[in-house]
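Two complexes come next, and they have one chain in common, subunit A, joined by subunit B in the first and subunit C in the second.
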Partner chain A sequence: MPEASGVIHDIGYQRYNGPRLSRRYSTWSIYVHSLRSAFGLGRTAKAKVLPAGMFALACLASLIIVIVSSQLPEPILTYVGLVSTFTYAITAFAAIVAPELASRDLRNSLLPLYFSRPPHRTNYALAKFGALATAVFVMFAGPLLIMFIGLAFSSGGIGDVVVELVDLAPGITAALIHAIVIAAIALPLASLTGRRVFATGMIIAVFLLSAPISGALQSFSSGDAAYLAGLLNPVNLLNGVDEWLFGTTEDLTLIGRYGSIYGVAALLIAVLGITLLMWRYKKVKA
Partner chain B sequence: MNLTIAGLTARALLGRRRILLLIPMPAVLIGLTLVGVSTGEPAQQWAPTILGQLGLGVILPLTALIVGSSVLGLEIEDGTITHILAKPLPRREIVVAKLVVAWAVTTVTTAVPIGIAGMIAGSTGLGAGLALGAAVGALAYTAFFLALSLMSRRPVAVGLVYIMLWENLLVQFVSGARALSIQQYSLTLADRLSGDTVLLESTLSTVTAAILAAAFVAIGTVIATQRLRSFALTGETS
Partner chain C sequence: MNLIETESLEKRYGGTVTALADLTVTIEPGIVGLVGANGAGKSTLIKLSLGLLEPTGGKIRVLGLDPLNDGDAVRARVGYMPEHDCLPPDVSAAEFVTHMARVSGLPPAAARERASETLRHVGLYEERYRQIGGYSTGMKQRVKLAQALVHDPELLLLDEPTNGLDPEGRRAMLTLVHRIGNEFGISVVVCSHLLGEIERICTSLVAIENGRLLRSASLSSMTQHSDILMIEVDDGEDALTQRLTGDGLAVRRKERILMVTLNGDDTFDTIRDAVADLDLSLHRLEQHRHQVADLFREEVSHA
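So, the complex of A and B:
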């Protein structure tokens, strides 16, 4: 038997002894990256066209509302009213962006790369959820900001600015609630499939189908049952929550005396959506 | 029309369990119609919502969007389109075969249930009119979305913006937008073909609707063929 001739050379590999960034840091990185890619930032011009175009359209619509309002004694929409009015169009934005955040990673099998690093599966799910909710919120915040600037600085008095600022606060709160609920519906659906076509289709089916279904149920029934049928439609549900939280007592057109049920339902959808999302990423093959 | 391509497309579209995804929407439509009939309320009160808004306004465009943009879109995304393009076939035949399959699938899964719902809600005439209107709408929609899947890398997103913002939102504020809304064509044709019932509200004239729907089909097919002639295969948008 010949002498063993193999040698292990020391070619100078070294351990990394520097500081290691925390789990929170990598979660934050996923969040920032997802938020940027939601608007196509850091990507090709083609990827920017659609989200930027929708944002510009929303701002333009808000500008038109401000210009029309400035010719009238009373603004045609309050800040909360603006959020309620824009919700339908912004569900389309969520249906386009949510698959962008969730389905691409599934389709390109990127999840093993994420999950072999510090962030947990839950961190990943929450970062993605936060990014989508923030992106949707930005879609509300842009038009709100334009409306605020238009209304607050048109007369020039500093008192007006303060008054408008007080009025703006409910609008911002409503926008936050809408953003969280819309994201909680859209993202779990998007995380089910790696095909963006089907993910967008599923999300939009939920938002679009629920409106006439709840409308039909409302026309079948009268009184209390009609108010409750509105719960089936996410857009209607959110507008009901707005009425419940910020509405004046005279015009409770959507919710009747069931305002609190609308509030609980919205909270339930948000919690359920986030739980399902985390559960989905616990189970997903990576 | 090439039967091999048509067969392959149909198999890719309906194969495995994917076809099950198309069943819930017609089921909801017919279910709600049955509920409506059983409540005994007059049909005028609920039929416009169910037949017009749900049937022609949501289920038809949504199914056509998914089907129309995936007959070619999925092949482009997977890169298998090269196998078809490498065959000595006129591009026109490829596009027509894809369009026919998309139209047939959309018609069977939407126009037929909408027709049945119309029959339950009103009369056989209403059902037939709705089914025909929906079938014409399905052809115009699928031709449009098929062309879109060759013009844009994200046909579903663009198609969605068209359905939600143009057809369902802008049309409410700007009545001129109706002239370019396929939903209004199928609504108008369904209304006229079923004999002007009060259950559907149409706004265009029949001739305008028919001509514009035909124009959508023709232009969609021509654009799709042109785009496929000089087709460059590139990856996903980065």
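So, the complex of A and C:
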């Protein structure tokens, strides 16, 4: 008689003798996991709705712009212009996603689990920052890509593709700058509280409530005061940087001859934000 | 190699609260129970071992390494299960434990494999694909244990693993810890404020109180010399105490019960003769299975 087949053996506990990778890999793992959870991947359908919906909306808006542009002799927006115009909407995305990355771990007391593993606290902070900046960049990159495909291939000539590619480069650069600065403002704010609602509120307050002040000063004052008023609001500041670097024609922010100040301010915010974030995670109780 | 060695270890919070004061202890491999009341400094000792906190004085070495200077090396070889809730509700246990394995440095495929294997070992099967938010407290404790075990550590630090569990859950958790120590061959330091609960599974015990070492010993050395006879008689305990002490036995009164240290079979004869001579009625003569808790109580009353 043959032996009974398909018997399940309890082979007991197996020790792990495989490789243990470096701290860089651990940090990369936190980055990938955070980036995925920014878009609700590996989570419930409910968690996917908001980020995926916002991404779809941004792409749809871009598609409409492309279609309208194709009917006109000149495109209604440049690539940099697209980044500038979309920035307000995308700060809302950051206001929702930053708490997802930072507040959620605080709320669920996950930090002791991370900090009792090889990555350092600064590795954790940088991985989270990288994930948010990447997520925000993706929100810009999607619409940019759609615009590029639409404009480059609508006329058919291979020369157009090259021309569009050259035009796309400043757009991508602007998107990178916007993503880094937005993340450097949103994430330190989110890391202050475990309550997602508060974090979102704080971020929206910083981005939106400063807008009317900055806007009013630009409109009602004259000369230097008007040119510097854009610094008071992160979005106006970013648009000022675009203006300074790429000389966009949208005139979203008046910068006058102070373009370099806008550039320095953006750089300072990025450095300060990342420093504060690292400092915050150095001090946070685990 | 010793699991944890401390020398005059001290930890103060904000200069006023002293969590640990002058703690010198050596914890050897095995299943070690770290006992003490709430606030005795157990969690602080665990966190100092992981380098999550910095000591304000003294030295600590874990697996022969300094958790502050060689923190990465220590943390790669140690698994930690915190006392409080530390799980995200909106991911599945499989996903979460896999992620934690990767943060510990396991390559993606190995992380996935070890995560499901470890979850199976702690007793989570098909449930592991469900969201953690829907788990019972017992299942959550198992996930917490799995994430501490997934990277196959040499030392497992468990902070109150039976917290919030019902008696059946406590028993199951302790059996699991016992298996980890014996079958898996991983050293375990398990914190508890319930001595009676963990003495069953431990090979040695460390008791701390108010941040100081109360006692540290292997369980066998604690119970070795501790065979005790309990004698209960009708009246005349004083006379009997005198007589037995006169016969050279160590006698201790505990209300109406006399506890006599057993020195071989002669002790029984001596007691029998003494009771007969004094014409007392003997109600009980019983060998007392020593509870470790008594030893600690003794220690305290002597101090």
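The rule we apply is simple: the second predicted complex is superposed on the first by the 257 of 286 C-alpha atoms of A that agree within 3 Å, B and C clash if a C-alpha of one lies under 4 Å from a C-alpha of the other, contacts with A are read in each partner's own complex, and residues count from 1 in each chain.
We adopt the following convention: a contact is a pair of C-beta atoms (placed from the backbone, for glycine too) under 8 Å apart; a residue touches a chain by one contact, two chains touch by 3 or more.
Model, not experiment: these values are computed from the prediction.
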Worksheet item: For A:Ala89, is the partner it touches subunit B (first), subunit C (second), both, or none of the two (neither)?
Response: first
Worksheet item: Of the partners subunit B and subunit C, which touch A:Arg117 in the superposed model: first, second, both, neither?
Response: second
Practice prompt. Name the contact category of A:Trp279: first (subunit B only), second (subunit C only), both, or neither.
Written response: neither
Worksheet item: Given the touch rule stated above, what does A:Gly215 touch, subunit B (first), subunit C (second), both, or neither?
Response: first
Worksheet entry | Partner chain(s) touched by A:Arg43 [first = subunit B, second = subunit C, both, neither] | both
Worksheet entry | subunit B versus subunit C as contact partner of A:Ile204, first or second or both or neither | first
Worksheet entry | Residues of subunit A that lie at the interface with subunit B and also at the interface with subunit C | 43-44, 47, 104
Worksheet item: Which subunit A residues qualify as touching subunit B in the complex?
Response: 43-44, 46-47, 50, 54, 57, 88-89, 91-92, 95-96, 104, 195-198, 200-201, 204-205, 208-209, 211-213, 215-217, 219-220
Discussion item. Quick check on the complex: what are the subunit C residues that touch subunit A?
Written reply: 47, 50, 52, 71-72, 75-76, 78, 80, 82, 84-91, 95, 99-100, 102-107, 110, 114, 117, 121, 131, 147, 151-152, 183-185
Fill in: Contact footprint of subunit C on subunit A as seen in their complex
12-16, 18-23, 25-26, 29-30, 33, 42-44, 47, 104-105, 108-110, 112-120, 286
Worksheet item: Mind pulling up the subunit B residues that touch subunit A in the complex?
Response: 21, 25, 28, 32, 35-36, 39, 41, 45-46, 49-50, 53-54, 57-59, 62, 65-66, 69-70, 73-74, 77, 153-154, 156-158, 160-161, 163-165, 169, 236-238
